[in-house]
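These notes are about the structure you will find just below.
Should a chain be cited, it is by its letter among A, B, C and D, assigned in written order, with residues numbered from 1 in that chain.
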Amino acid sequence: MSIVKPDMSVNLAGIPLRNPVMTASGTFGYGEEFSEYVNLEAIGAFVTKGLSLKPRAGNPTPRIVETPGGMLNAIGLQNVGIDAFIAKKIPFVRTVNTPCIANFFGDTVDEYAEMTRRLNEIPEVVALEMNISCPNVKQGGIVFGTDPACAASVVAACRAVTQKPLIVKLSPNVTDVVAMARACVDAGADSLSLINTLIGMAIDLKKRRPVLANVTGGFSGPAIKPIALRMVWQVARAVKVPIIGIGGIMNATDALEFILAGATAVQVGTASFINPGAAQTIVEEIEAWMVANGVADIKTLIGALEV
Amino acid sequence: MSIVKPDMSVNLAGIPLRNPVMTASGTFGYGEEFSEYVNLEAIGAFVTKGLSLKPRAGNPTPRIVETPGGMLNAIGLQNVGIDAFIAKKIPFVRTVNTPCIANFFGDTVDEYAEMTRRLNEIPEVVALEMNISCPNVKQGGIVFGTDPACAASVVAACRAVTQKPLIVKLSPNVTDVVAMARACVDAGADSLSLINTLIGMAIDLKKRRPVLANVTGGFSGPAIKPIALRMVWQVARAVKVPIIGIGGIMNATDALEFILAGATAVQVGTASFINPGAAQTIVEEIEAWMVANGVADIKTLIGALEV
Amino acid sequence: MQFTSMILSNAEISPGYWRMRLTAPQEFAAATPGQFVMVRVNGAIDPLLRRPFAVFDVGVHTPPQSGAVPQVYFEMLYRVVGKGTAMLSALHETDLLDILGPLGTGFDQGNADEEKLIVGGGIGLAPLYLLARELVTRKSPVRLFAGGRTRDDILCITEFERLGVECYTATEDGSLGEQGLVTEALKRRLDALKGKATLYACGPDGMLHAVAKIAAQYGIPCQVSLEGYMACGVGACLGCVAPGKGHSPETPDYRCVCTEGPVFESSDLKWGA
Amino acid sequence: MQFTSMILSNAEISPGYWRMRLTAPQEFAAATPGQFVMVRVNGAIDPLLRRPFAVFDVGVHTPPQSGAVPQVYFEMLYRVVGKGTAMLSALHETDLLDILGPLGTGFDQGNADEEKLIVGGGIGLAPLYLLARELVTRKSPVRLFAGGRTRDDILCITEFERLGVECYTATEDGSLGEQGLVTEALKRRLDALKGKATLYACGPDGMLHAVAKIAAQYGIPCQVSLEGYMACGVGACLGCVAPGKGHSPETPDYRCVCTEGPVFESSDLKWGA
């Protein structure tokens, strides 16, 4: 029995996705930047750069540094702000027949709630991804993301003002990611995405200075995959909501590993920098793998790891 | 003014080291295994495999897996036990004119204290490194290493029964490594070493199983360096005791970065697997770098990072 | 555009400086001076990120044998400074590379009759050759001012001369051309021209800053090509930004080097920020 | 011993199987059958760990020209299964590799007059050629039983025959030799010998287990060469262990494959643990 066209569709907290491969916030601009390299309608969904009420200029430079098998970034959540997003970015989103998920953050619970209200009104935004974990900006949510009670309060405040699927993106910089996950789900998260970047640092020996102007930065790329995979596996066993696996996914094998560990969907981040077509290539590779391995429906792989 | 022979000596909580480069626990056996490849008297100190009261057989296999830029291990703290250590390993240690630091762990506060008492009696052991952070064995100390109060109690118990320098090795799998560091120092640690391994996981897609029999394992190697460097920098600024920097050190540049970040000494772990002479090579490279850069005394580099 | 490119040649042209010629698709022929490519040095994860390099030259080669198809190629001039460039220098003819480009906004060539003064420091000459070639094609008078620490840092002068460009050189150690900074010769020429000229510059920060100051002083337009640590090269990561003229720590104003640049009007940037 | 080795040749001898000859220092000539080397595939961090390979052969080559110094070399037979072996297969003559070895405890050659039956599955033949050669030198009667999935997996039989070793082959698909498992031929020979023989085996787990069972059944000594995921190769990481005969989940008993092995008496191991 050979499979001609495997079923790659998944349902993410009510959003039907044609396949489980999405792009990760901050690594794919607002979608348009990559339209030359990717057929956006070949991937499952795309996630915007993290949005805030006011535009943000971001951190001083250098903002980027390569590390063994990974990279650090300290962009500082630079973004156009919600108004410009609506005015300048949504028109493009409208032209693409692929779900757009808006990633956002705030400095306070009120700002988070206000952002949720604003995004809730945008029909082109099918789901909201709350970044409670960005390590770069001191007021950027680090407190929310590392304390279960704080996380619960901000998630509850956002939950109260939207019916759209609410995805909470978890920080890996915690002792107990499962406790964080439970707190967010109990507070109303429809889905969890993980991991955001780890906190890292690089030093320029010649200059005797940190490489990044911000001193520390968010660590991403293939190097972090083992940590991400472990956390996804732990969280997927502990909560009932769908999980989005993120962290160092470079190819279909990586993506399928996350799915086996319990992820319903995955996000491709740093890989898009190295290969702007990464997300689409991964979709194609997964499909080929399913055909070769006689897997008719990708949903049968979710959490199928035998431990 | 050219430097012919730079001063590489450092003082680690009362132990004079000829240079700051040590080998990391679990990656250098009991010293003897590497004696063919390294001149043990060229390095600053060597640290034993983690020791326990009773011998430990360790985990089922596979115990090792390579990941992008790193590796996972789930050895399960296999070791000969304190009695065999004294009977079979100390005779070799006695022949080497280089400080030997004993790494140890226990399942309970009492076992930790008992191990400290036993090690305290061995004249060849110049300092004790407490592993409160090994992620592999459920009873292997993970609780101690991730909760400041628990860590303080076990450190205090050990402190009470030895006058030898007591180094506490910190786990990176925590939200706030500085809080852990402070708790350990307040409880009497003479020095802190960090980081132990992160917790990671690898999956075999073909078999749909975790690669490691233990499911998760300790993540080490160049991939983790940015996290280690960040934690060393944070801790070095927060406490007054000397810090030993560990994590992904492959060469002299890496080692010097840790020293700039605030480490008085460094430990070379995974690198010894790839190049059994790594620690010695790093000593030689640091010396050459100091000559080339006119640094007469390595102590002037400790914490010299300009932020 | 993303494409797999075959190396046609890769040679060390001066100690530590290499010139590589690579195949490119037809459309690459439209690359403009100042644009760059992002090169994936190899398929492994070390190095992980692509490396940005200016398009040094672009052309079409028709192999001599009959029936051969014309092949578009481009060239890069690069300096071995770290891991990625060291690996590039170890590649051979027929090896393949994954290329993204041409990317970015290049030089504006201005009106043809004004004299164009091109200032390059060391490897900063890389994006300036194609510029000079285009300017010469448009019949602009062009002069090159090339500076470096030592004579090994003065690259491809013969190529510029072959275009008919008058070249001035200066080295800090006096091993080639005038001893000192090439900006001195630039100022003399500007004095002679009574400040009627357009400046183009690429090189180390110090040189660019100096040239920007000269431009401001003489009140003439000046375009500079910047470097910036890049992850994506396509405007998505926001890693590569440089402070724009309105920038201050309180009211930051960042320009995206990979899309708005790498070439900027020097007066649009904040210098010494 | 750690040394930099130069590749003398690297050729695909059967689809997916390669044979590499490398220079070695004088002392390497003392390598014994069953020992292995740890190869650093390249200087980058990807792949990070060394890869273990058996010593397939070791020898001394005296170049024909006069005055040439004899050069010790060794050979590896390897199968391309992943990243590291793929990279090895892309290396060329004169490329350099960093080698650690010879490592581990090899085969015990027993007393010379008893017949030695060598069983190899696929790439499992790698450590067995040097063994056969040494046994033949010691005038032991030697027979080889080589199994594989298909004929492509039956390697270097000519080399074994050249030593004067009688060879039996079996493939699962019948494309070479008998169809089925080579252990059948082995049992027939053992019956003929009335169980007076010593077994040596290397190959997939299933085959080793089957051979160990046969050895137990006939009550004859059997040595097997194991594989294990290795980080250090020198007994320090304890990553490579295999369960010893006394092993149970309650009273674990692990043997270090890289130092106590890779060759073990099959009766010293716990099978199917």
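Observations on the structure shown:
The rule is short, and it goes like this: contacts are C-beta pairs under 8 Å (C-beta built on N, C-alpha and C of every residue); 3 or more make two chains touch, one makes a residue touch a chain.
What you are looking at is a predicted structure, and each value in this text was computed from that prediction instead of being measured.
Ranking all chains by how far their C-alpha centres lie from the centre of chain D, first place goes to C. We define each chain's centre as the mean of its Cα atoms; on that basis chain A and chain C are separated by 36 Å.
Each chain gets a centre from the mean of its Cα atoms; for chain A and chain D, those two points are 47 Å apart.
Listed for chain C are residues 45-46, each touching two or more other chains. In chain B, 68-70, 222-223 are the positions where the chain touches two or more neighbouring chains simultaneously. The touch graph of these protein chains is complete, with an edge between every pair of chains. Only residues 1-2, 40, 45-50, 98, 100, 228-232, 234-243, 249, 251-254 of chain C touch chain A when the two sit together in their complex. Here chain A touches chain D in the complex through residues 68-69, going by the rule given at the top. Put simply, chain C touches chain B in their complex at residues 45-46.
The touching residues of chain A, counted against chain C in their complex, run 26-29, 33-34, 36-37, 49, 57-58, 60-66, 68-71, 73, 75, 78, 221-223, 250, 270, 272-277.
Within the complex formed with chain B, the residues of chain A that make contact are 67-70, 72, 146-147, 173-176, 198-203, 205, 207-210, 215-216, 219, 222-227, 229-230, 233, 248, 253, 256-257, 260-261, 304-307.
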